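Common to both upcoming complexes is chain A, partnered first by chain B, then by chain C.
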Partner chain A sequence: MSNPAQLSTNVALDAVDNKGMRLEGNHGPRPKPFFTPKRIVLYSILFVACLYYLFPLYVMVVTSFKTMPEIRFGNIFAPPIEFTGEPWVKAWTSACTGLTCNGLNPGFWNSVKILIPSVLLSTVVAAVNGYGLVNWKFKGSEIFFSILIFGSFIPYQVMIYPLVMITRELGIYGSIWAVILVHTIFGMPILTLLFRNYFASLPVELFKAARVDGAGFWRIFFEIMLPMSLPIIVVALILQVTGIWNDFLFGVVFAGTQNYPMTVQLNNIVNSAQGSPEYNVNMAATILTGLVPLIIYFISGRLFVRGIAAGAVKG
Partner chain B sequence: MDHSVSIRDLSLSFGNVRVLEHLNLDIGQGEFIVLLGPSGCGKSTLLNCIAGLLDVTGGQIFISGKNVTWEEPKDRGIGMVFQSYALYPQMTVERNLSFGLRVAGMDKKEIDQRVKRASEILQIEPLLKRKPAALSGGQRQRVAIGRALVRDVDVFLFDEPLSNLDAKLRSDLRVEIKRLHQRLKNTMIYVTHDQIEALTLADRIAIMKNGVIQQLADPHTIYNRPTNLYVAGFIGSPSMNFLEGDLIGGDQPTIRLESGTTIPVGGYEFETKPKSGSTKAVLGIRPEHILVGEAAASMPYQEDVVIEIVEPMGSDTLAYTTVGGVSVSARADSELDLKAGQKLRVGFDPGRGSIFDVETTNRL
Partner chain C sequence: MTQATSSDEVRYQDEGKARRSLGRVLTHNLSAKIAATPMVVTVLVVFIGCTLWTIWYSFTDSRLLPTGDFVGFEQYERLFNTSRWNRSVSNLIWYGAFSLVLTLSLGFLLAVLLDQKVRFESAFRTIMLYPFALSFIVTGLVWQWIMNPTLGLQGTLRNMGWESFTFDWIAQSDMVIYALLIAGLWQGTGFVMVLMLAGLRSIDDDIWKAARVDGIPAWRTYLFIVLPMMRGVFVTAVVLVGAGIVRLYDLVVALTNGGPGIASEVPAKYVYDYMFTAGNIGQALAASTMMLVTVMIIIVPWAYLEFGGRSKKS
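== the complex of A and B ==
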């Protein structure tokens, strides 16, 4: 979610720059030199921040392509002398996670199996929630919403034990369905808030016109509201995909051993007690696990901005 | 007369805020009714109640003889046009027009026919394949009208449909709406706070204030015989001149202003003969009924005044002066070539004015 922050800094900067403009006379904004002191300071800070985050990544990437003897030799900043892809293969296919030695591969697919239904379910339910709360107000809908938001302030840990009991009663404890349910529940407050605010920003006349045209709850939702919601859906997807992929706690508690998501498997690989730690394999495994959110950020970051811009030009 | 829309004792509150209270309104078949009033007086609320978009707190609504108080909007035989157009942004004009018909499950041939007819009437055929974002404001509003048109409704509801358009387009579209009404002969209920729209379009105007209809009458009556001070002051631009004083009844009733000036009002048609004593009253005279220069000579009340400010308006000129100690405006022929500081005679016929009781604010 670094994008909105970045956007707003840009806007703020522009606003500051525009103050320099003179209103009288015919001339437009003065062409600005690139290296103003403000910019130099700004870019220096950004540069340092980048280094701060990129340096550990650099070390990880370099280490993951080294052989163990080379790593033991020290010099963690140096690029690999003898370049090897084997740690990556091992991390994916044959690293040991406790008892089994199948690498991260099963964990990856478990994560995918958890991720897709959880993201879709939570986004769809939250979208319907938000739409209902804005356009079909019922008695007590404001209170309902307040309670929902209040829910997001309760620490997760408090709810884990009750949720374990609930899922056990439902007979899904220790299965993928339990994790999906839990992710959907915990995604609800923030996603509902997101969708509610978005739908509230759409002109209410649109809803009224559709009602006069005879459309009902679902028809208005699918044919009028959803097609206008692309920007907010993208935001919801980013939030949920990264959040659920990075989840460790719910996976460990609810999924059951054979359904452990990638994060849990990674932990097991890194912490497995046998032999000396294989740093190169650990680094490769870590990067592999972090790859999905990373890719999501790269792809959707652009979509995100484009979506917001598209929303802005629409009259 | 069978009514197209009847509103009986309608009340509506948002929580504790009472917006409409015991409102009654009967609208004839094919009538063009304009709801006119200041911002926040409940015009849109009333319209939304008729449309079925708000649940009423009390009372009943009949459309075409049927009690529709609790019917869904689609079952009321109404179409609605909004100030913000409210076109579905992701649909082409054609699909915008046909949306209601598709929802109703009409067959494709019938839909195409109706869309074609409506787009002919509104001259939007070349735009059918476009999205709303690619239309001008005037075109958008035509499409919005078309959306009500295709559904073949009994009653059109307009909520300030022209307020977002510039002056030129507004008057064009105003004429077009009038033409549409003459052609279709549907009942139309039209909300605006533009007096010109109200006076030009309406068969009858309902002037609203704080959720209460102050006067419901044809434009001529509203303009010339306002029922109370509020209506008198609201309609007309510049607004009516008010001369406050004591009305002294008798055979030759007069109004004595604070300055001591007396104005004979014998020519005025009182609703009820004034009591012989004196009552606090206001004489209202429209600017165009105050005549300037030679024309004033034949008027029952005349006074020599000094012109203070002159505002040429093109076709005529507004002159500001003081009559009987009260500042007034007069609309004069621009041929007169008035100048500020000029001394001349003004006069008016109180019979053409309106007299209101100060206490009840009602017309006397």
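== the complex of A and C ==
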């Protein structure tokens, strides 16, 4: 009762971690014959829910392989009669964003250029923070941490204009470096929390023994802590890669027209293109943009769930 | 070994006490302090500094540049006399109320259904959660296409012979908010479902045994015993979903871009548009300060609970 919010997150994490959401944890009634009326209703509801979740994916894929005349025929359910890969080629190489007609591929590479340094930088900074907060507390370190967590709830719109001015002063506004800096800043609360909780769960004796042996701050970090934190690093990477790839606001504000990430270019292709809209190209472009996080989601599975359960503190 | 460490610790503490002169305080554990610089700078400059700056300049008449004179609450008066802002706020309230209630209840319902020893549970979970991995832009654009009145779902079903079928919410100014809701729920319910499922699985088995012995039907156990025990999970979910709702921006940009007219405008978009396209900084900052106030109303009670609990524990 003392601490419901934090407790619940821990509970969520534990349940995901320990039970791995396997069937053992179920609380449903005892196993019964498979086809009772109740089970039929149950599976029907779940089936209908899945239709709702899968329908957009199906529509995206089907539309992206159709030709425009076929789309104008007006049946979004129908699979393509005349199968064409052209919308995909166009989406990647020559779709127009209102200004240029280079397709999504510059956006993709911009996203990659933003993604890699942002993910690395934010993860490293957070790992050091977490380690410092657990093992090298200084006066006020907990207060800073509390404000950090609290600050993660402040709407970005509140801080965005001053940040524009700061990045302009630093001379990086309108370049990918501004986006990287902003991602590092706003990724810090949740990642720091993640690492702090992880390092706090390691036995203190490890740190103390190294300290007695005369190892300093960085040596303990690189030789003891870092090698042990692979699992949490993977969770952090998943969280950051999907989060940064999906970002729209920071890209559109800080990157500058030349460096727009994929999400911004996608939106420009679909929403500010002139002429009659090409829905098949739009859908191919949409799938292409969603592909990176989807691949990560399907590969990482349980770790993704763990990442968002941990991220649940911040959201 | 243990003794060596503990006596060592005492020695360190004693040293620490002896060294408490001001210069020493600064240089003690110097590398630890250097390592904490990014965090300290972020907290002081961004989270505190930028926020205070925004609040301060929301009281000026700055236009293209933040250089205006102090004008008191004038920007706020203008804000609440602007129909677009008022529409944004009412949209957010409606969207927020529906979204909060539906996300939580559907998330809980799906979690309970998946808790019934369902076959292929992990497949169901994967299907329900995948939209959460996608960008709001992707979600918005897919649903924009599905809801396209002539070629989307409505057109398709009409072509199939269901002439009266109507699903053109995206083009109706009084219904467009529900179009947003459908897309938002599609993306967000899976996440709440996972949180709730983890909560359900953490309930002690003995509770279930006791309820079964007493002959309480499963649905009543869920509703009247398990649900109250999951209060913590619900609080977390409310805070997260609530903070997400206030930030609602990308989805609107992709799905409707605020239209038709101003029918689906939201505060976050108002801020962005006044800041970067209309060039009215003071107005944008006043609007963003109002967003901050809203979030604080949600967060402060929760933070109070959390930090109250933490001090009790230590």
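FYI, the second predicted complex is superposed on the first by the 251 of 315 C-alpha atoms of A that agree within 3 Å, B and C clash if a C-alpha of one lies under 4 Å from a C-alpha of the other, contacts with A are read in each partner's own complex, and residues count from 1 in each chain.
The rule is short, and it goes like this: a contact is a pair of C-beta atoms (placed from the backbone, for glycine too) under 8 Å apart; a residue touches a chain by one contact, two chains touch by 3 or more.
All figures in this text were calculated on a predicted structure; none of them were measured in a lab.
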Partner chain in contact with A:D213 - chain B first, chain C second, else both or neither: first
Contacts of A:I224 with chain B and chain C, given as first, second, both or neither: first
First (chain B), second (chain C), both or neither touched by A:T67: neither
Which of chain B and chain C A:Q157 touches, first, second, both or neither: second
Chain B versus chain C as contact partner of A:M188, first or second or both or neither: second
Which superposed partner A:N105 touches (first chain B, second chain C, both, neither): neither
Touched chain A residues, chain B compared with chain C: C
Chain B versus chain C as contact partner of A:E205, first or second or both or neither: both
Intersection of the chain A residues that touch chain B with those that touch chain C: 205, 208-209, 211-212, 313-315
Of chain C, residues touching chain A in the complex: 4-5, 8-9, 25, 28-29, 31-33, 35-36, 38-40, 42-43, 45-51, 53-54, 66, 110, 113-118, 121-122, 124-139, 141-146, 148, 150-153, 155-156, 159-160, 186, 190-191, 194-195, 197-203, 205, 208, 218, 226, 230-236, 239-241, 243-244, 246-247, 249-250, 253-254, 257, 267-268, 271-272, 275-276, 281, 284-285, 287-289, 291-292, 295, 299, 302-303, 305-310, 312-313
Contact set on chain A toward chain B in their complex: 203, 205-206, 208-215, 219, 223-224, 227-228, 313-315
Chain A to chain C touching residues, read off their complex: 2-9, 11-16, 19, 21, 23, 25-29, 31, 42-43, 45-46, 49-50, 52-57, 59-60, 63, 71-72, 74-77, 125, 128-129, 131-132, 136, 138-139, 141, 144-148, 150-151, 153-163, 165-166, 184-185, 188, 192, 205, 208-209, 211-212, 216-218, 242, 245-249, 253, 263, 266-267, 270-271, 279, 282-283, 286, 289-290, 293-294, 296-298, 301, 304-305, 308-309, 312-315
Residues of chain B that touch chain A when the two form their complex: 48, 51-53, 72-74, 78-80, 82-90, 99-100, 103-104, 132-133, 144, 147, 151
